[in-house]
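The structure appears right after this line, and notes come after that.
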Amino acid sequence: MKNTFGNNISVTLFGESHGEAIGAVLDGIPAGVEVDLEFIRKQLDLRRPVGKISTPRSEADKFQLVSGCFNGKTTGTPICIVIPNENTHSKDYSSSYGKARPGHADYTAFCKYNGCEDYRGGGHFSGRITAGLVAAGAIAIKMLDSKNIKIGTHILKCAGVFDDSFKNINDELDALNNKAFAVINDDKGKQMIENIEKAAAKGDSVGGILETVVTGLPVGVGEPWFDSLESVLSHGLFSIPAIKGVEFGQGFNCADMLGSEMNDSFKLDNGEIVTETNNNGGINGGISNGMPLVIKCAVKPTPSISKEQNTVDFINNENTVLSVKGRHDPCIVHRARVVADSVVAITLCDVLSQKFGTDWFGED
Amino acid sequence: MKNTFGNNISVTLFGESHGEAIGAVLDGIPAGVEVDLEFIRKQLDLRRPVGKISTPRSEADKFQLVSGCFNGKTTGTPICIVIPNENTHSKDYSSSYGKARPGHADYTAFCKYNGCEDYRGGGHFSGRITAGLVAAGAIAIKMLDSKNIKIGTHILKCAGVFDDSFKNINDELDALNNKAFAVINDDKGKQMIENIEKAAAKGDSVGGILETVVTGLPVGVGEPWFDSLESVLSHGLFSIPAIKGVEFGQGFNCADMLGSEMNDSFKLDNGEIVTETNNNGGINGGISNGMPLVIKCAVKPTPSISKEQNTVDFINNENTVLSVKGRHDPCIVHRARVVADSVVAITLCDVLSQKFGTDWFGED
Amino acid sequence: MKNTFGNNISVTLFGESHGEAIGAVLDGIPAGVEVDLEFIRKQLDLRRPVGKISTPRSEADKFQLVSGCFNGKTTGTPICIVIPNENTHSKDYSSSYGKARPGHADYTAFCKYNGCEDYRGGGHFSGRITAGLVAAGAIAIKMLDSKNIKIGTHILKCAGVFDDSFKNINDELDALNNKAFAVINDDKGKQMIENIEKAAAKGDSVGGILETVVTGLPVGVGEPWFDSLESVLSHGLFSIPAIKGVEFGQGFNCADMLGSEMNDSFKLDNGEIVTETNNNGGINGGISNGMPLVIKCAVKPTPSISKEQNTVDFINNENTVLSVKGRHDPCIVHRARVVADSVVAITLCDVLSQKFGTDWFGED
Amino acid sequence: MKNTFGNNISVTLFGESHGEAIGAVLDGIPAGVEVDLEFIRKQLDLRRPVGKISTPRSEADKFQLVSGCFNGKTTGTPICIVIPNENTHSKDYSSSYGKARPGHADYTAFCKYNGCEDYRGGGHFSGRITAGLVAAGAIAIKMLDSKNIKIGTHILKCAGVFDDSFKNINDELDALNNKAFAVINDDKGKQMIENIEKAAAKGDSVGGILETVVTGLPVGVGEPWFDSLESVLSHGLFSIPAIKGVEFGQGFNCADMLGSEMNDSFKLDNGEIVTETNNNGGINGGISNGMPLVIKCAVKPTPSISKEQNTVDFINNENTVLSVKGRHDPCIVHRARVVADSVVAITLCDVLSQKFGTDWFGED
């Protein structure tokens, strides 16, 4: 299923950056879930460019729920979200067709689609397609919220600066989820932004690491082997453009740890079984253990930079140089954060509905 | 699909560590592929315990291809591989039921399966189940090989020691694929083994990082979004027990790189389009760009350690201590390597057959 | 996958009869397939009401391909077809909510969706949703046509009248595919229409049988067991509202035949292997044998009739009577025919792309 | 998924008639379901040859549950059922390779698998493979039974003789499910058997129609469009070899009915909503309406007949004649009945677990 993800609850993406519209079809959502248009609007705004460190292409991301909602609630049938494309500057791109932008999918798309790809603005590979995912994810986030499952992401690291760690997750999540630049420590956020601006001034870009946490997930959710929580979450997360690494809990750190350090000891805490540490990121054997899920995603620096780069013109089959023009972000880490939340939310709704049935979310 | 993975080509796993048999069903393999029993045998041996640094449980892993093969070739119908369990010491485990081994799935399995799980030796969560995956993967590796697509994995890091980097991948792959302890530099391998033995002597265990490379993959394979190469490969790889991180190319390093450093410039090399660097690990926009795939997996230290650990007895609901007895590996990194190869091979066969059709592999 | 069908090539449906729009997402279509807007238009017209024997609700079915097409060709990425709803008379329906129309999904939808369903005009259960399927199917039909695989359907029986049998399939298919009322013998078609009108005059409706044939399908396509041609074709066909039976070749007739009558003898015909008869409808063991596929679908009489019927008001939980008002078809057999063609075409494109790869359709 | 069927609950088939073993992997079954080995045994016996009207190949169908069961209950992990092949007479078949048996998959398998198919005894196309399906189905039937959902099938018609119709379904189901030749009226059964024997005496075979009913299915189960109950049930049923037609309720009869006759009026019956008639076979809009499911399957006469038939030798590419030797059934209708029950049961368990979650079956 190329552009469809999920089993009981699934999302299908469509659209190109400079086509008529982009969007998503979200299927399997039970009937009777309240549709909070304001929240969808807010989530889309968090994905949109903000200020100097983002592309000046300003789009309202006007979305339409053309199906699946009735009287303010879901009907149980597919929810199609259409986001018309506006304010497209196709001329910016057409002249450079054939000159493969390094780090982008221009060349691979050309090979895969035999030169029939819609190359304008990255076409179907554009980060803009994530808007449909974010709108769909907003519905999933609200569903989880109704079951007291909370999701949030902060910028763990960006442009060489580390954010603080979580101290009191649930409190910090609320704050984070309302920030345009999602850091726990705003001073660190300022340093990140300064560094982003410095890179931008040199025609360059920066990357970073997102840390997503989920609290309130019941114990016993997920599967061994191919539907392990790690498997299905990483499947979704790696579909976000620019993500080049995904880890759970200590992730790559565990290579340097001893078993006695890495193992999370269990203990009784007011009659509830918890772990002393959370090095496994809330997952044992692919299944949730009741501790917060901790997921980290590496986001590469935006490949679109104005600095001159060597490349190949694959139409004329010759070496050439390229300076990417047009409107670009020197950093997309802060924008990708709400996409990560959305993917995690949709995935968890699917996994939960396998265990409890799709009807579960409709219950009080 | 809980224990089934893949679309056109799929694998289904079954079995528990101390049940009657474990195995796999490999479906979608085209007819006429030669079945090299010796190679399957060899791959299973690479997964098996070797020497002091592995569990003394010695099993021949006698496998039977009970279907799908006829006259030494595949028939095109499902290949069921059955590996009977022998030499099982169930008594080692039964007395400790209820005492959750930290880092293991004992507690999550208990919650998920309501106490009906086969707890003996980790049951369905046991690393032993990977034997079926390795046998199935051996067939996939041979299929890729017939199309000049080579796969291999080395232990990039283990017990604090780094292996050398690849210099001439294809030569090194051949050598690696015949080593029981897969390092490029055998001196580094000796240091790793010494460190593993030191940890073992203290009743502890160590982890590491595997680096898998694939050469010869055609350009234009994979999909944008949910079937990106990163998505489907990570889905498979995270199903391997103990893997807590997966990254492609520079992976988490990219968080500290500038766009101008991370971007892989294209150039013409004897008329062929290649990249100067391979920071994106052979994948742009989810699609292969003709450079080697580079995949790294973080393998956590074996959770079974004889050191005493705090834990909970979830049957009696009380705090307790535990020292894991029985036969255990102080390190599984070197054993996991052939599992990683197998998962990558099966996944790529599936992805390739989507583009070229399952018949492609049968052609000359 | 509730509203998604297919593997390598898939279609996702969305929309409600009186919502903002209906439509479909067609994914997996290779790049470079010419998109014939006129043909899509024509197919949608064949699905639309015609004359006295159809509902007077007249809709142009204005469709938009909002993604997946560029410069008149497919891009290889999802094709989203949006068909806005116009000319909706929602007031016709709202007053009767709760009175379950016999033969319709009102009551089952109410139970499934806990009263949150969009009940207007049948909502997501409306036959109108098939317009998206027909637009998607038009693309699939053209793809098959480029490989010399032809599809067509005639009204084998309607309102008690039988059409003639096929004599020279390929010639008759061309003629059929351009008729609004698809019969081989137009005199029989007139009798059918007269009988439909008679039933309509009494406030009643009629059903019929569609016979779909496919020529040019290569030998060896399909699978044993769960992906048998019969399995996947029937899966798609039974998703068309009002279809209550599907059979292949002799179908239910075979219950009264001897093996020696039913078996299709093979013979050489100008060096090619064919069968003397085609009682198995072109399928042996789930796999195409090179003879035309022959598929019959039973279409029930339209459940919406103006005759008074007993029913239950499930809101007030009381017996009541109902006379279905509004605009209704006394027969949908002639309209369902192009839906059957569409489903068969999409299904066969998927099956063929599994064997030959999605790239096959792009080749000359 | 070629040999895998289902979503939350799935079954994978493997094996060839004369290979080492056949079997099935049943996945997604919740933990804690009691495994009734006696019932599996009994179901397999119902599928096995009985008396004169079946093949003298007598096999005990000794099955092994090699995984997924522990202490008499399911563990929640894949249940692999292995049935070793015994008593195989491979010599009966090998000499005739190349002579396509009419009505069989010999020729289509040869084309699909390029001559690499295991042709002995029909290989993977053999009806024997249904034994794995029956063993898996036995577990599903028991799961449904624990929720008071009953399934049963009678031979509605065979060799020209009709059985009686159901009068009191639940009582008759109990009786039917214990009969080797499943008819409501045993006198009719005797006539059928006589006619089967007559056909057999002439070296010929007969077909028939199976009618399967399901009672106790909750209202509101199933989906509109591609996961309609009709779609998923027919998908499964058409995977049974020899089934050439599937219909629900009145099925093909509805072509001759008026809407006023076909529509099932609703009424209150002791406060419960039921329908007066059940022409729609318990399904409206793809969703269960609380009435019994009524499904009919057309079973073609066994293609293996000893009568001489014209055919082609596809190895030597010449016309030839063939008289099928070996051990064959003059009728498989009575044997297919327990396969139909099994397919319906597995499918319904899957559909129910989508709505209610897999945990539902484990609850009291």
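Note that the chains take the letters A, B, C and D in the order they are written out, and that residue 1 is the start of every chain.
Keep this in mind: a residue touches a chain if its C-beta (ideal position, glycine included) is under 8 Å from a C-beta of that chain, and two chains touch if they have at least 3 such contacts.
Just so you know, these numbers come straight off a predicted model, no measurement behind them.
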item: Chains in simultaneous contact with chain B and chain D; value: A, C
item: Most remote chain, CA-based centroid, reference being chain A; value: D
item: Comparison of A-D and A-C (more C-beta pairs in contact); value: A-C
item: Distance from chain D to chain C - Cα centre to Cα centre, in angstrom; value: 27
item: Gap in Å, rounded to a whole number, between the CA centres of chain C and chain A; value: 38
item: Chain A and chain D, separation of their C-alpha mean positions in angstrom; value: 45
item: For chain B, residues that touch 2 or more chains besides their own; value: 1-4, 7, 13, 77, 112, 124, 224
item: Contacting residues of chain B [partner chain A, same complex]; value: 1-5, 7, 13, 100, 102-105, 107-109, 111-112, 124-125, 129, 157-158, 160, 199, 204-209, 219-228, 230-232, 234-236, 238-239, 241, 243-268, 271, 273, 275-276, 280-281, 284-289, 296, 298-305, 307, 309-312, 314, 317-319
item: Chain A partner contacts - residues on chain D that touch it in the complex; value: 7-8, 77, 224, 353-360
item: Chain B-touching residues of chain D, taken from the complex the two chains share; value: 1-4, 7, 10, 12-16, 19-23, 25, 27-28, 31-32, 64-68, 70-71, 73-80, 82, 112-114, 116-118, 123-124, 362
